[in-house]
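Below you'll find the structures, each written out as structure tokens.
After this come two complexes, each holding chain A, first together with chain B and then together with chain C.
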Partner chain A sequence: MRLTQGTFSFLPDLSDAQVRAQIEYCLGRGWAVSVEYTDDPHPRNAYWEMYGMPMFDLKDAAGVMAEVDACRKTFPRHYVKVNAFDATAGWESLRLSFIVNRPPVEPHFALEREEGAGRLQRYRLRY
Partner chain B sequence: MMSAAANPALDLEQLYRDSNVAGALEALERELIGLVPVKTRVREVAALLVVDKLRRSVGLEAGAPSLHMSFTGNPGTGKTTVALRMAQILHALGYSRKGHLVAVTRDDLVGQYIGHTAPKTKEVLKRAMGGVLFIDEAYYLYRPENERDYGQEAIEILLQVMENQREDLVVILAGYKDRMDRFFSSNPGMASRVAHHIDFPDYDEGELLAIARLMLENMKYRLDAGGEAALREYIALRKTQPHFANARSIRNALDRARLRQAKRLFEQRGTPLTREALMTITAADIRASRVFEDKEKIA
Partner chain C sequence: MGKMDRAAPQASERYRAGVMKYAQMGYWDADYVPSDTDVIALFRITPQEGVDPEEAAAAVAGESSTATWTVVWTDRLTACDRYRAKAYRVDPVPGTPGQYFAYIAYDLSLFESGSIANLTASIIGNVFGFKPLKALRLEDMRLPVAYVKTFDGPPTGIVVERERLDKFGRPLLGATVKPKLGLSGKNYGRVVYEALKGGLDFTKDDENTNSQPFMHWRDRFLYCMEAVNRAQAATGEVKGTYLNVTAGTMEDMYERAEFAKELGSAIVMIDLVIGYTAIQSMSKWARRNDMILHLHRAGHSTYTRQKSHGVSFRVISKWMRLAGVDHIHAGTVVGKLEGDPNSVQGFYNVLREEHNPVDLQRGLFFEQDWAGLRKVMPVASGGIHAGQMHQLLHYLGEDVVLQFGGGTIGHPMGVAAGATANRVALEAMVLARNEGRDIWNEGPQILEQAARGCTPLKAALDTWKDVTFDYASTDTPDFVPTATPA
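Now for the complex of A and B:
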């Protein structure tokens, strides 16, 4: 099942040229770009592993692309995403986050709500 | 025989004018006094790049030229300034996508403990991508007296990027001539990847005076006749003293002269001041320098 998290996730996978163009856009706005990966794409898994430090003060996407490629090579069967963090006052948050690598076979799962005792809402994974 | 249509005339002049190289070269000519061999070499490199671009436009691919350079010369001879101009020229010709200059020294590249160097060097390289990486006093990266020095690690990472990502990054190594030569002879890998060696000669006294005039002009000051004679004498004296750093010493001398001028004007407050007086540096401002004192002591 195709994971739909982050920007562009309903589109076909971005090509390297498109990823590069997106990163150029982020850097052009002065955002710090970072690369993260995970093998657990559960929607509630908000904390993916960092691949290296976030990259500040970059001028060109080549540096990030090298990092993305290195991450893909190290973890070919993981999800890899690129985050762009906006540090300007008033934002201090992610502006853009998109998946740049998917495992060859994506795990099949869905979330089901179930009601517990009282009004408790639980979520259950369905594979 | 090729027909005229298949072999159209190519307009080198047009390409030269369309790129902003001309502007960058003119700025180099205007803002830098002397340095004839350097300017010649920079113009040669620029010519190579313009022609290469033209060749590429008609399908004569020769691969990205190796643009890594080594600037050697004494302190204050304009290495950083020329590197800055070089970045602009490369940007104007499309060999550097962003045309920014990242200036670093050993401290920015080499870490303090095992495993610290690689991420540090890579971070600097990533920042410099798309522009020019200027490594000042590059020979400090290699310390043969300590075989466990982490500098070697930084050199290896640098070499890898210099070879594999030539289109992303131009590296300029700078430092004293003799030490750079030793650095290259003990790092043949580095020597073979640096195509352009440019040597920066020391300035003579006339050039230093011209530099001083240019600096003052940019700071909206001027010398009166006595001031100019004093400065000429100052330069001749300063050149013979230790720690002389060419244009940098001149800049420092002028900064101190400005200080003395301000002090002199401040002390005679109460009397009306003209715009002219605010701009003028006199002989007294320069002759108060310690350089002249030492001379008297010797005499």
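Now for the complex of A and C:
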């Protein structure tokens, strides 16, 4: 199963040049880029592990790419994503978030059901 | 009318029983300077022959505040000068003889806190049928911060919705299930499942999908949530379907909303025709239950479309941001429904910005400070398809739900393929835009290139490439362009 979280999951995996172009777009808008990874891609897992702090003061795409690569090398079998954070008043959240590394075999989610009264189903997603 | 007519009469004269011009009664004051806390309304007035525009404006001010057709001595038991709305400016509408823009200021104490019903009962209550006017249109309003702060606003808002759905950096994608009437619950859920699995973020009930003989609401909700959960498992992505809880009574709506909550839905939907108070009640319910609230603007074109009479959709947008909805249909520009590009961008700015500057080109007559009120996600729906993706992104930006109903379900390879085509087209366009490409001009090539790796997108482009809805808009801003120095 191809996990379709993130801004560009329906496109072929981005090349390094494409990733770098997106990072340049984010830095150009004054957003802070950060790298996160996980082996638990449940859609409600809000907190992937942070690979270091958001790079608030780094304005150079090459520097950010080095962090992305370091994370991918350290966790080659994890999902890795690049986030861009915008601290502007009234937003103060992510502006872009896309996957840059996937495990060689992506997990499948199984849907468990529990019957309730009145045809009600309780659903649970698990690997 | 002459200056003499407008001179303030002595109090004893002013309150003598009989009929008097509205301007003389104190509803016209060319020297009035609105205070920061006044509500200001801008009306387009078309006076009857022989009625001068200042008197017509004064009549609108009078009939939308304290006046009746004749003098009443009981005014003198009140601080009536304060409670009278004041028409203070009348401008001819550029290029439209016989029509005028009238500016009217209302004291804040005329309005109940946090009540759209009360605000509208004054501003559009009686006055639209007033005989001395041929036609009347409420074009825009300035809502003072003091009044804005009495409303709760959207229960979720754009930023929190994105965080809750974990979707950033691109418009959201939706589709309305078609045919909107006649499907059984089980077949209806099939469309939802296919569309969400194929790549959409949302599917949607239509405005009149409520509880009919062919599909009762509980059946629809159960099958739809099965589809949502199956699609989430198939993609690992958060999905939703707008369950329309519109019904004949508030009791029924609450019952349906509670069931949607029990089933774990992230979003419920209501129609504009349920009325302002019902909308505010559902907004409170949504806030209490962490539910995204989608509003379909069913019925609005009866009063928003014609320029001479009614209420502009930019005003409805302002009221709905106050009333507190998270989504509202606000036009597509390129689709099958009414939508001049400038007017539509004006609506979008009202819904999405922190602060609106005066922008006559987009129909915004007033500066509007939203005082931190959350932002409403506009929804673009009606006759749009993947081949227009560059135009949609150009006109509407990123914080919008693009809803391709026919453009998903009508795909020659099936519903899931239709959804995939839209998602691929969207992501390819955002990627290209972020890379600095000129999507307005290169859009078709960008789509063609993306279609080389995506058969469903190629089929979508082949099927709909020549479909456009190129008709003149009826609702366009009237303004005189200001020459900008070269």
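Keep this in mind: the second predicted complex is superposed on the first by the 112 of 127 C-alpha atoms of A that agree within 3 Å, B and C clash if a C-alpha of one lies under 4 Å from a C-alpha of the other, contacts with A are read in each partner's own complex, and residues count from 1 in each chain.
One rule holds in what follows: a contact is a pair of C-beta atoms (placed from the backbone, for glycine too) under 8 Å apart; a residue touches a chain by one contact, two chains touch by 3 or more.
Just so we're clear, the structure is a prediction, and the values are computed from it rather than from any experiment.
A.B. asks: Report clash or fit for the pair chain B and chain C bound to chain A in the combined superposed model.
C.D. replies: Superposition check on chain A shows chain B and chain C fit without a clash.
A.B. asks: After superposition on the shared chain, which partner residues are touched by A:97: those of chain B (first), chain C (second), both, or neither?
C.D. replies: Only chain C is touched by A:97; chain B is not.
A.B. asks: Looking at A:57, would you say it contacts chain B, chain C, both, or neither? Reply first, second, both or neither.
C.D. replies: Touch partner of A:57: chain B, not chain C.
A.B. asks: If we overlay the two complexes on their shared chain A, which of chain B and chain C does A:115 touch? Say first, second, both or neither.
C.D. replies: A:115 contacts neither chain B nor chain C.
A.B. asks: For the combined three-chain view, what is the angle at the C-alpha centre of chain A formed with the C-alpha centres of chain B and chain C, to the nearest 10°?
C.D. replies: Seen from the centre of chain A, the opening angle is 100 degrees.
A.B. asks: What's your read, chain B or chain C touching more residues of chain A?
C.D. replies: Of chain B and chain C, the partner in contact with more residues of chain A is C.
A.B. asks: Which of the two partners, first being chain B and second being chain C, lies in contact with A:66: first, second, both, or neither?
C.D. replies: In the superposition, A:66 touches chain B alone.
A.B. asks: Looking at the overlay, what does A:5 touch: chain B (first), chain C (second), both, or neither?
C.D. replies: A:5: touches chain C, not chain B.
A.B. asks: For A:44, decide between first (touching chain B), second (touching chain C), both and neither.
C.D. replies: Second partner only.
A.B. asks: Just to confirm the geometry: in the superposition, how small does the C-alpha gap between chain B and chain C get, in angstrom?
C.D. replies: Least C-alpha distance after superposition: 17 Å.
A.B. asks: Which bits of chain C are touching chain A when the two form their complex?
C.D. replies: Going through chain C, the ones touching chain A are 159, 162-163, 166, 168-170, 199, 218, 222, 225-226, 229-230, 232-238, 262-264, 354, 372, 375, 420, 423-424, 427-428, 430-431, 434-436, 450, 453.
A.B. asks: Which residues of chain A touch chain B in their complex?
C.D. replies: Per the touch definition, chain A meets chain B at residues 52-53, 55, 57-64, 66-67.
A.B. asks: Report the residues of chain B in contact with chain A in the complex, numbered from low to high.
C.D. replies: 97-98, 100, 119, 123, 125-127, 129-131, 165, 168-169
A.B. asks: Under the definition above, what is the set of chain A residues touching chain C in their complex?
C.D. replies: Those in contact with chain C are residues 1, 3-5, 7-12, 14, 18, 21-22, 25, 41-44, 46, 83-84, 89-98, 109-111, 118-121, 123, 125.
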